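Handing you a structure now.
Chain IDs A, B, C, D and E follow the sequence of writing; residue 1 opens each chain.
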């Protein structure tokens, strides 16, 4: 997984069939400045630190036919996490 | 997913069996200048900003036996999107 | 997918079971100079521009048990293609 | 697989359903300084050298419905390993 | 696939269940100097040039439940190969 920060929304009106309910969000990976787009079902907000799973596992999380989604936000990172989240001084388990 | 701009067509007359109806399009990722080729079933045009899913999820979108396609254009990005599309001032949901 | 140029053969006499009929070819990606090895069932030649699918979709193209092949040449790119092939002035559909 | 060093914990209280028991750990790849997050079921500790499998194979290691986890710590690297672990003078098989 | 040179062994005594018989070997990709770890069932040796398949196809080569292995040495590259192996003057098919 990677940790990233939500930087924007991506709207797509003309799209293929079979995409699930949720939002396409633009993310930035702070360490490198690289950007990617992930699917969100949690309703996270701009500036939030999130945990992202990539590849076919993102698609197979959904029930029913696997949608053409290759990146899924699987969690919002708690502020107290040690690691790549802000305010790193250790924290309680989730 | 990544966002990219359509920069050209790729024609292949001699090809393996099992490829679906649609077009191979050359894309450029604006942030890095990297190029890739994705399959298009939407009929997008040159210069259009598109959303691309990569890996086996691209192949499994198709009905029938999964074709050897590892990148699929899943949507055309609306002009008003915040994020990596042009004219970024926020926009209505798709 | 990516487009690449065939630069050599790779022979492997001692190999695992289950590899299909065909050839391992060394490819170069012109834009970056990066090299990779893909499986060829079309009989393409040195210097030819080819279209390559990567990942499990390459393996699942084969009938029978999926072989441990992670890159497949799915087509030879026509000379008249716009995009990353030589002689770019547009061309007829394949 | 890659070898990496455990550098922190990542806590996520608000998360999608279907994540297994275990911990999200932040890892650093010593050769490049790159960071990633992997799932741990072994209970490894800070500073430990670990072996990580990436992609859908990480998810399919779990019994039951495959969780949206794209990186799994599959082992702790023994101190005597030749290769990328510390104290490289060869060692007994595991 | 990629070609790489065997540079060491990686021993892991504490590891997850379900790993097959064989060895974890450290490899170096000569062109870039990058290192990775692949699973070996052929018994290749230090300094040997090998062909490596990555991703889920490595796991699905094994019979039984697919193990959490994301890179498999699928062959030893013959010395006479054109391409990225040493002594490049062309060679007989494998």
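Following the convention adopted for this analysis, contacts are C-beta pairs under 8 Å (C-beta built on N, C-alpha and C of every residue); 3 or more make two chains touch, one makes a residue touch a chain.
This one's a predicted model, so the numbers in the text were calculated from it and none came from an experiment.
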Shared chain contacts [subunit A and subunit E, defined touch]: D
Distance between chain centroids, defined by C-alpha means - subunit B, subunit D (Å): 32
Cα-centroid distance, subunit D relative to subunit E, in whole angstrom: 20
For subunit B, residues that touch 2 or more chains besides their own: 55-56, 58
Direction subunit D, origin subunit A - full chain order round the ring: A, D, E, C, B
Subunit B to subunit C touching residues, read off their complex: 7-16, 18-19, 23-26, 34-39, 55-56, 58-59, 66-71
Interface residues, subunit A side, partner subunit D - complex: 1-3, 31, 41-42, 51, 53-58, 60-61, 72-78, 80-85, 88, 90-94
